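Encoded as structure tokens, here's the structure I'll be asking about.
Letters A, B, C and D mark the chains in the order given here, with residues in each chain numbered from 1 onward.
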Amino acid sequence: MLGPRVWSSVRQGLSRALSSTVGGWASGEGRKVDISGVYPPVTTPFTATAEVDYGKLEENLHKLGTFPFRGFVVQGSNGEFPFLTSSERLEVVTRVRQALPRDKLLLAGSGCESTQATVEMTVSMAQVGADAAMVVTPCYYHGRMNSAALIHHYTKVADLSPIPVVLYSVPANTGLDLPVDAVVTLSQHPNIVGIKDSGGDVTRIGLIVHKTRRQDFQVLAGSAGFLLASYAVGAVGGVCALANVLGAQVCQLERLCLTGQWEDAQKLQHRLIEPNTAVTRRFGIPGLKKTMDWFGYYGGPCRAPLRELSADQEEALRLDFTSNGWL
Amino acid sequence: MLGPRVWSSVRQGLSRALSSTVGGWASGEGRKVDISGVYPPVTTPFTATAEVDYGKLEENLHKLGTFPFRGFVVQGSNGEFPFLTSSERLEVVTRVRQALPRDKLLLAGSGCESTQATVEMTVSMAQVGADAAMVVTPCYYHGRMNSAALIHHYTKVADLSPIPVVLYSVPANTGLDLPVDAVVTLSQHPNIVGIKDSGGDVTRIGLIVHKTRRQDFQVLAGSAGFLLASYAVGAVGGVCALANVLGAQVCQLERLCLTGQWEDAQKLQHRLIEPNTAVTRRFGIPGLKKTMDWFGYYGGPCRAPLRELSADQEEALRLDFTSNGWL
Amino acid sequence: MLGPRVWSSVRQGLSRALSSTVGGWASGEGRKVDISGVYPPVTTPFTATAEVDYGKLEENLHKLGTFPFRGFVVQGSNGEFPFLTSSERLEVVTRVRQALPRDKLLLAGSGCESTQATVEMTVSMAQVGADAAMVVTPCYYHGRMNSAALIHHYTKVADLSPIPVVLYSVPANTGLDLPVDAVVTLSQHPNIVGIKDSGGDVTRIGLIVHKTRRQDFQVLAGSAGFLLASYAVGAVGGVCALANVLGAQVCQLERLCLTGQWEDAQKLQHRLIEPNTAVTRRFGIPGLKKTMDWFGYYGGPCRAPLRELSADQEEALRLDFTSNGWL
Amino acid sequence: MLGPRVWSSVRQGLSRALSSTVGGWASGEGRKVDISGVYPPVTTPFTATAEVDYGKLEENLHKLGTFPFRGFVVQGSNGEFPFLTSSERLEVVTRVRQALPRDKLLLAGSGCESTQATVEMTVSMAQVGADAAMVVTPCYYHGRMNSAALIHHYTKVADLSPIPVVLYSVPANTGLDLPVDAVVTLSQHPNIVGIKDSGGDVTRIGLIVHKTRRQDFQVLAGSAGFLLASYAVGAVGGVCALANVLGAQVCQLERLCLTGQWEDAQKLQHRLIEPNTAVTRRFGIPGLKKTMDWFGYYGGPCRAPLRELSADQEEALRLDFTSNGWL
């Protein structure tokens, strides 16, 4: 756990950030980080007593390190971030940073409900080594989160963040699709470099690519189920839960798309849809972790109130992999 | 209008069909019609007094005939079929058949709420010259339309239809997505040749292509907004409202996809998204018809309760075309 | 079935109605029919071969005639009206009119998708003896059915209807809640006497009562599950599927509410919720018809694509009645 | 802010609680707190720089203290609890406790996303003086929150809570309706005394009252819009945002219901629906706080990303009060 000293340092950092807005990211204007590529959104391993298991986290990263990922997303929705304390969130990022080679990007989920807390968390994430912050839309008051509110929120965060910001829209969790007009406005902010879009609406993804074409704005597909289609309409990569277990295959799908081998890409994409749905919408993080156990990683338990799969669910999960030739 | 004599003949035809199930499509087993390609779902022109204007219909078809469409969809959702009497539905198909060259496919929407009415309408559509029947899911009782009910419904229709059947799923209108497992089961019926899927979920489209790969089952995208992405995951064509006004462009997009010119395809697809949304989800049939007026076709009024666009809406509609360089 | 002669007469009637708008309902201004009370929405009995069984219909009406209902709703959602031909719709109303004592109100569902067809059907319903027309919102293009469209639609229908009009909002089927502002505007029409609201949102029902209080506008709850609550906020009755099987109990609940015996009313209401949900949202018309069979009425089969309950569903249905002491 | 000493004491308390499960609430079995009555869910006042303004909080409470409320809800959805740090959440409850007379119940919202955090917060809330904990459903992973998960979550919390637990279902914020079967199961837990249901489905509320009738389980309506209807079906009170500004009126509505003056109750209820919707669904907390300013309380700003109302919205808000005679 981070001790009080680290927290104090974090707050000092924020203080500096707040007082140096002008000279902050502004100095780096035009130097937008290239986030294209594939990322696994890493899970947070827990012990049997629900403590974060940092050792297992490092083991998983070590194994995942053999694939040509662009980097890793830490504390996306698959990271159970809403179940972690602030200290745990930072410690996890710290450990991942230490475990990663310097050329791998670390995108850290820093979204909180309030703008202020999100700014603080983003600054802290930067201080412990994140290369970019992936900021989920606030959601509890999603009925009030219109474009104006969201533009204001993200602008504030991006203004004060020492690292580039990636928007993150995941309606299945938040009940909220970051409106396209808000995305377009935010794409003009020099410290906002892209969006991870997990909604799966490829018409929307194409429209975002189209309407931000003058801003060098980068779109990442939020799931492997529509990765090929997203590449086809102009996305530059994906954050794919499935890459935690089928890392080689997701990277291969990327390569096939980038090299224009669309027929092979299509065949591979087809075989990834059911496994992908199984570890996301159908069985959620418990499904993903169970599959990790099968594939030689450490999945382990989720924190409550998430529950383990039943035997029937586990069987259905397995079938989604075996019927596509992956198990 | 069809007189009583035509109706009587229609009913005799149905009677024959019902009594010759075995020898019906069965004789044509294996001979599945190739429906790949682009189709405009034609609108139904009305006079100022809301009568069907068959003359304008033929004029529109004549103008549309210059594009390399595979054929025409008559009485899809854009045809205002729920506002037509049974006689009008058949007469419209009759007239379209007469106006079309023989090599253009005529897909006729024959869906009704009851299975029996759908069978009768399908048989009648065949008798007046439809090449295939496009059958929308029943929707008033969509809460009861589970896979079993829908499989039973479509099987009955396909059993008794003298022409091939295309499934039609359009959740924006029906509140109902034809479940993938139902589609897969139905794909095995020798008289069901494909599906028009208007939901826009490309993950689902890819999955349908994948799971029906052994059945020679053909998937048509139901809108131009996700046409490229649908081709990328294995669709063979599209039924695109936008093709009523940008026919050349939609056909060009098809060609670019089929010849693997994905970069150009992407650029063109991008410029079609907003116009497409404008004539479908955003402004509906009134928007499509207004745009037809602009592009040299006859759009004209809709039947009530559909209403004309307001001046503000019309301006927004126009902007979606001008900002993408089409007007 | 109605022969051509009846249809011809119907059209003449419409013609008269259209040409006498001014002297039509206007002459009866101020004379609004009192629709307060309980109504069963009668089912349409079918034979084993799916023909309308008019004999069974009359038998059911005869049995239901022993309860103090205000009248009967014919071709509400429970009447499977989307599965009936126009002729059948009128013939059913004709038969019900003949079977009913003159003091029982006959509310006939006359809604169609187009305004024109709705007007024609409403006029026809009047000619075959309906006391009022219950007009469901058009629904296939519900995305375009804003207040303006719906106000226009209902105004036209009410202008031309020889009998009073009752609005009918049933979002579970139509995907559309008739907006409160539209209801308030329409309540001022002299030929619109009330609304059947099946949405179950009692805040909305209270608001409608409140905002139409100067118009003598009558609100009927669309289901027995919220009948007591609707009375408590100012509704004057209910159209209750459950009254087809527990007619005495629903009428008793009405009486308890009207006489201010709220404690007893509450106890009775509680015991009706599960049975009511079972014959509506949970098991639909197949559940209602199955229960009718149990209670001595003729339920019989539904028309396809509605399907019979499975054995498991039937058991669950029965439990909802036995556990509340009704079987 | 709470210093480290308080937190340490909180954790010791939790530790005691965890090790004394058997002797905890078990000793108080059968002695369920009576939560019937009306509660304002108090807002959290902020200064212009977004600090919690404890002085204004106490002033508001002092003014609200003149009405016959049963007590106060602190950190319901209207308390902006997702925007408060853990320390702030506890400090607010501490201050409210100090400001309240001993006979007023303090229901403290203690819900967090993880079961563990919820347990800790609940124990802490108890230690700073809450009489009962109101525990909102976890929501970020609402797709996985089935009955089994929620029963497990609440059972754990109730097992370890030193104070009675009130379930809290608010689908507009959480995207999740606590299933009736889960409520029924949980109603049997000796330390779960009731539910605040904000969904507004009075059929559901009636069913919950009915199915928990043997458990002395208490249902509170979660909004003033359906308060009368909820009393009519067996609720025992309400947590009403509107009571923050029309406290006398909401208490009067309660009295009219409890004394069986249903006609007067109905008239009053009618006049409260629009103002209630205005300060909840329509304009949210910014609307509530603005109205508080008008009625002599301190409303003040919300924390970002919630935003102030526009001038147009403010006018519409005012109209909802003036048109009903409250301003």
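FYI, contacts are C-beta pairs under 8 Å (C-beta built on N, C-alpha and C of every residue); 3 or more make two chains touch, one makes a residue touch a chain.
The chain lineup, named per UniProt: A, B, C, D = 4-hydroxy-2-oxoglutarate aldolase, mitochondrial.
These numbers were taken from a predicted model, which means no experiment stands behind them.
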Mutual neighbours - chains that touch chain A and chain D alike: none
Report, in whole Å, the distance between the mean C-alpha point of chain B and the mean C-alpha point of chain C. 34
Could you grab the centroid distance between chain B and chain D? Build each centroid from C-alpha atoms only and quote it in angstrom. 51
On a C-alpha centroid basis, what's the spacing between chain A and chain B, in Å? 39
Touching two or more other chains in chain B are residues none
Make each chain a node and each touching pair an edge, then name the shape: line, ring, star, complete, other. ring
In contact (per the touch rule at the top): chain pairs: A-B, A-D, B-C, C-D
Would you tell me which residues of chain C are touching chain B in their complex? 50, 77, 82-83, 85, 113-117, 138-145, 148-150, 152-153, 156, 172-175, 281, 284-286, 303-307
Inside the complex, what are the residues of chain B that reach chain A? 200-203, 206-207, 209-210, 213, 223, 225-226, 228-229, 232-234, 260, 262, 266, 269-271, 273-274, 277
